[in-house]
């Protein structure tokens, strides 16, 4: 089952990306998290017809891609999950909202078309922003940032542990599905007769394993919270970066910058 | 069913974050009271397992398609509502972060739609009452346990997915993202998720029954003693609850029926929908739309469609706006390209310098 | 260092696992724990670590293994699991090694100095910043041992430290074990490894001590071993019957 090995490959890929080094990687994780959230909120809050205003928001991901050296290709690969949903909702707009909104060389463009494109751009932009966050920040750093935001330790520890164990689990599921397929040629998935036992077997084994894991943690003095790996210091520069970014996002959201820019020339 | 960031208005997203946050806070408090840190690795492994399990294709007999697992009810049956809810949050967060399934902003909404209903509503309204009931009492403790697990898994999955789908529609509509009329949107979402919920319920019950038969102590509220069921909940209350469930599901569906008041919207939807279903590879029959209605709609569309009378009114100002917007956007695009070029240039230089050194 | 006095343990179902078990291990001893599957080897380790309740007296370094002492007892004991995957849950070897010292209250600098020392003693310095999911099985086993040594335990307990390793890695692990001066308790079916690493052997049978003595003696006693579902170590067994 291709998607299983694809998933474990994706995990490894993200791990490797976040282990690289760049000015963005070195930023304090909390700053990155907040900037990303500010960006997404600004992008999503654009009115549905304000296509030109939204266009300027492309600069942030483009800049971060370049500064961090993360290949854009890896991101577009991930669009395949979100885009169909956004498109499905967006594609209907041109059918319902037919009032012409603007004219390009005498050709009327309906509000639905504009809002569809706006919606798709919003989808792509917000996805790129969260992709860039996770591609430049390790899960440990992110968890440390979440703790700084006072997200409960239980939840953060659970996130970290689950993340650790997903790669082990995916590996086991991959081995099991391979073993299944080798004895069941031509089947597309798991037959109904083994629906329960297939995942159930793994579940029982995993429960024992969870116990052993927890014991091994306890034996080494675990009291319910991890010490997160050292985070880059929250320098004045990082704070300035955060403030400037947020201010620019708000500015871009309040004023239709491309429109103003265009007015200078037209 | 994962909502994307773009489908939510920030206010709606924030509300859903708040709702999820409250539910998570209450869960954590409850778990702390139980001093169940023991549960932590079990939760982690269970959610990792559900995550991996979501990638397995389950062949649905008699059809060419395959079903998948979502996991809310499964985790509830194993860990209880609070721990199950937290585990689901973690799964959804990892999906959003690493697989771009859902989004950072939409995480709160996704947790509510998929985790809250599956865990809390599914547990308190269905799982617990059914498991403690005297249902199937005549068929022996073991068989009764099995049947009760199957019943509550399937009912739970169907109900919670219906609620989840309805929430997706509500959230998207309130956000003002789609022009799709509310009723029509509901009419697409609910039946599709009825089918998904049934399949998920079957998978969930298959897994839980397997666990019940090998290690019954791992199942929440399972009767492990083997003797008569200590019933907190009589058959009567169970039936009342089932009636409520039926009412909710039925109500949702009747809402759909009344949600398409005038034929125009409904049929326009039908027309648009055919494109949608082709794109999505969905089964058209799932939400049967009469073709005659679609035909009328097509004619109405022709009449009302492009280039209405006021087509070129105010064209000066409108055109002006458009042009400067376009020029500005072009400049932005050029700027973006320049940044890319500069970045590439500097990296190359850097590499060369590194190679020399 | 370690003392078992009339220790009994049975599962909830009533199946007895250990019956009136008595033995003691002095500080600095290297003891091999052998016996058929189900003889009680793992149970002994878990009881020592306070993971299973039992009847009778168990002491570690003079402290009774009881709930109020568990923290102290566990600090004295390092347990190397059979499955390194269950032990190495942090992303990198370095972070995993920092886990226990940081939990026991060492500052970052102290803990890091310890980590560096252990790694260089074991010759694993290049593993320090590697990812746990990307190192080979042999490296992972060594890293798991390093993780435990970073705790600086007074005694080390090992469950099958040589399984699933190629001969070279197995030899590396044996050499590492022989380099340790603390008390060692090693449970294994790999009798050759026991012979190479332990002075004394405790042979368990049905939850009781069937034999306790110098490794060289017990591991040469063909009749005793075969009565307990074991065979002579290969290095003492002579040529294979097929050759």
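A few comments on the model shown:
Letters A, B and C mark the chains in the order given here, with residues in each chain numbered from 1 onward.
Going forward, a residue touches a chain if its C-beta (ideal position, glycine included) is under 8 Å from a C-beta of that chain, and two chains touch if they have at least 3 such contacts.
Here the structure is a predicted model, which is why all the values come from computation and not from measurement.
If you draw each protein chain as a dot and join the dots that touch, you get a simple line with two loose ends. Averaging C-alpha coordinates per chain and comparing to chain A, the farthest chain turns out to be C. Remark: the per-chain Cα centre closest to the mean position of all protein Cα atoms belongs to A.
Centre-to-centre separation between chain A and chain B, using Cα means, comes to 18 Å.
With centres defined as mean CA coordinates, chain C is found 48 Å away from chain B. A straight line joining the Cα centres of chain A and chain C is 43 Å long. None of the residues of chain C touches two or more other chains. In chain A, the residues that reach two or more other chains under the touch definition are 161, 164-165, 168, 209, 213, 217.
Those residues of chain C that touch chain A in the shared complex are 49, 51, 71, 74-75, 77, 79, 81, 83, 85-87, 89-91, 95, 98-100, 102-104, 108, 131, 133, 147, 151.
Taken in their complex, chain A has these residues touching chain B: 1, 3-4, 7, 10-11, 14, 36-37, 40-41, 43-45, 48, 51-52, 55-56, 58-59, 62-63, 65-67, 69, 78-79, 81-82, 84-93, 95-100, 102-104, 106, 108, 110, 112, 115, 119-120, 122-123, 126-127, 129-131, 133-134, 142, 152, 154-155, 157-159, 161-166, 168-170, 172-173, 177, 187-192, 195-204, 206-207, 209-211, 213-214, 217, 224, 256-263, 265-266.
Of all residues in chain B, those touching chain A in their complex are 2-10, 13, 24-25, 28, 31-32, 37-38, 40-49, 51-53, 55-61, 64, 66, 69, 78, 86-87, 89-91, 93-94, 96-105, 172, 176-181, 202-203, 205-211, 214-215, 218, 268-269, 271-272, 275-276, 279-280, 304-308, 311-312, 315, 318-329, 331-333, 335-336, 339-340, 342-344, 347.
Partner chain C is touched in their complex by these residues of chain A: 12, 15, 138-140, 161, 164-165, 167-168, 209, 212-213, 215-223, 226-227, 229-230.
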